[in-house]
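Order of writing sets the labels: A, B and C. Residues in every chain begin at 1.
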Amino acid sequence: MRLWMLIIASVILSFISLFVGAIDIRPSDLLDWGSDETQIFLISRVPRLLAIIMAGAGMSIAGLIMQSLSRNKFVSPTTAGTLDAAKLGIILSMLFFTNATYIQQIIFCFIFTLIGTLVFMQILDRIKFKDAIFVPLIGIMYGNILSAITTFLGYEANILQNISSWLMGSFTLVISGRYELLYVSIPAIILAYLYANKFTVAGMGEDFAKNLGLSYRFVLNLGLTLVAIISTSVVLTVGVIPFLGLIVPNIVSLYLGDNLRKTIPHTMILGIVFLLICDIAGRIIIHPYEIPVNITVAVIGSVIFLTMLFRGRAYAK
Amino acid sequence: MIEIKELTKRFGKKNVVDKVSLEIQPRAITSIIGPNGAGKSTLLSMVSRLLDADTGEVLLDQRTVKKWKSEEFAKRVSILKQSNYTNVRITVRDLISFGRYPYSKGRLTEEDKKHVEQAIDYMNLHDLQDQFIDELSGGQRQRAFIAMVIAQDTDYVLLDEPLNNLDMKHSVQIMKILRKLVDELGKTVVIVLHDINFASVYSDRIIALKNGKLVKNGPTKEIINSESLREIYDMHIPVQEQNGCRICVYFNSHA
Amino acid sequence: MRSNQTKIIFLAVLAIICMLLYGFYDIKGGFDYAFPRRVIKIAAMVVTGIAISYSTVVFQTITHNRILTPSVMGMDSMYEVVQTLIYFFAGSMSIWVVNRYLNFGAAIIAMVLFALILYRFLFRTNKYPIYLLLLIGMILGTLLGSFVTFLQVLIDPVEYLSLQTRLFASFTNVKAELLYIAMGILLIAFIYGFQIMSKLDVMSLGRENAINLGINYDRMVMNILILSSVLIATSTALVGPITFLGLIVANLSYQYLATHKHSTLILGASLISVIALVGGQFLAEHIFELRTTISVIINFVGGIYFIYLLLKESRSAG
């Protein structure tokens, strides 16, 4: 697949995305600057598209970074407890830092996500048996444990429904003024691109990296920080979007190999295309209602992942 | 009496066992030999109803094996395959007691206990009887499973490469026990062997398979000679006689 | 080493203490009101505990492993899929919903089919390593779960409410009527199970050894898959999915009782389940005064125990 094909696909899908929804908006309506349609377009549709683009690109890149650093194809925010750590961080900050400002809460969440991911990397370090299948298993279980704590706290504070609807993973509530946090993922993605080669080298292991004169600790921590920034901003604004960081980089690596410099643009755009398709499908199927995007992504994503597990075992090694 | 008629098994397009017909001579040790992939284990599996044949049939006392009730068959024929599950927490004694399952369905009678005791004696497992099988070495475990089959007390005992994982001492020990089963208790033993010298020294008859086809079937003496062996293994194998045993010296032979 | 009989008696006493504590502790005022409700809850926990332990142990015997359980392989999600599909295609007024027996029967048949497919493709051939199976199972669970949510969004909101009451099961709102059905099923399962305990012992030696000893192995596997599905359907219908309970209690039972005898193993696992559920619920409700249901705690503890098991198993494998 060529990059330009992906770009064209994403442009067409973006266009469709702008004009699909509960309220019918035609391109011609936009000529009238003062019309209701234009207002809706600017307050809801454009932010929604931007949010999808940033979330799609961000989550895919986050997955790619984690896969290079751990040198395991199946490690991703979904399969390493990162998203669950972000969720737990949010509920903790809601419970214990009620008086803190929004920014302080965000910073707390971010730090918590970072710690959650670091803990997993620590566990990974201790495991002798670094099988492509075994590591994500541990990661999923680790995520389940964090999730159980979240549910527990949610029950006790009686805000379970509250958070589960909020963390649902949907672009329905994305309107102007509620998604801007996602912009922090843009510098993160740029940094990821600049450091791409170093992530690959760091993934080869500490000794290997040092031999090449690379500050292993710095690169590792930078990578995980970027993952945490992206994950936190996505979870806080649109909720949990599973599997994206897992399958998109894997599909790209199937046809393009593993040179990070080359794969990053593909991964980004394919992530966007994938998320756009899921979101548009969710809006069309039961129009004028909506199916939250995380459900569509989870159904399609788990099917793709299962196919990869069944067919690509040799490749995963 | 076990008769095999035109037995065939296909895996994919390949006939792994191809129209094999023969009779197993009672009260004797019959060894099945042949190169890798000749279909030895598959043949044994079909005879012991572990595997269904595609065509042909196996008769036990003139009745086709498919018509036998599985539990009745288990009182007449026993089979031991190479792969044995080891993740079960079970003591050697309990494992051997399972050999009595076809008779007592898990509730041991005095008669059953006597058989278990005998099997332990036979395989010399007194010291190990209370150990768990997952704590044993491969050879010890193999002996425990053979003891189970002995406790099963069937007329026919089929063994698929029972000497795998065993050192020389235990291999000889087991072959001697099989000999005793035949000579003293009148059992019929059919055994897949890799080492032709064990086949030569201990068996009464030899069946040779190659590419799924029966190539030789007869008394040991008629098979252990250079001509017949060339037919089976496609290599020159000199045979020397030592203390009345025919030994095949294939270690530095040329094809 | 204490004999297994002593150990079982010890577990039984502990289970009874838990039940008594839960039944009578701090029961003020409306005894007539509170007590029967507690008894129903205890009964539900006992039935669930036994059903899950039983189905997990027999499932692990026929699949020859100790980390895969019917729940982990997505069988309780399958129950929800069936119920949702029935609502989706037949509607809440159809006979498939109104008639409880028909509904339950349909769910069980679908689950048995699912279990058979799983078995045929995943377990029968030794093609897939155990960790891959586990990962497949978990992702399958996610897939089925998301598929259920997906269908639920599509269903008419009124229908959805009715479905919710059907699917939203927990120990706090056990339906007495369903409890009786469950007890009946358990009874039948036990009468059948009683005859096959010794066969199960033989089957744990593997397919070839079991056939050698005269077991009709493939038919037994089929029967046990059906048994296992029925039991899981029963417990899921009664109180909803409790993913890790089976895994924890089965493994604790193997470890504590160190035997191959299924009668002992299943009894032990059932008692441990009752202790975990009733005792845990007692602690959570009365001592720590939590709102959380016991399943959340079990999933938390279970997750940690699972990682421990995985690391232990991998060390012996690697």
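Assume a residue touches a chain if its C-beta (ideal position, glycine included) is under 8 Å from a C-beta of that chain, and two chains touch if they have at least 3 such contacts.
Just so we're clear, the structure is a prediction, and the values are computed from it rather than from any experiment.
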item: Required minimum of steps from chain A to chain B, each step between chains that touch; value: 2
item: Innermost chain, taking as reference the mean of every protein Cα atom displayed; value: C
item: Distance between chain centroids, defined by C-alpha means - chain A, chain B (Å); value: 59
item: Centroid spacing, where centroids are CA-atom means, of chain B and chain C in whole angstrom; value: 42
item: Length of the line joining the C-alpha centres of chain A and chain C, rounded to whole Å; value: 34
item: Touching residues on chain C, where the partner in the complex is chain A; value: 129, 131-132, 134-136, 138-140, 142-143, 145-147, 149-150, 153-154, 290-293, 296-297, 299-300, 303-304, 306-307, 310-311, 314-315, 317-318
item: Touching residues on chain A, where the partner in the complex is chain C; value: 74, 127-129, 131, 133-134, 136-138, 140-142, 144-145, 148-149, 151-152, 155-156, 158, 242, 285-286, 289, 291-292, 295-296, 298-299, 302-303, 305-306, 309-310, 313
item: Chain B - residues contacting chain C, complex; value: 48-50, 70-75, 78-81, 83-85, 87-90, 94-95, 98-99, 101-102, 105-107, 145, 148-149, 152
item: Chain C residues touching chain B - in the complex, by the definition given at the top; value: 64-66, 197-198, 201-202, 204-209, 211-216, 254, 258-260
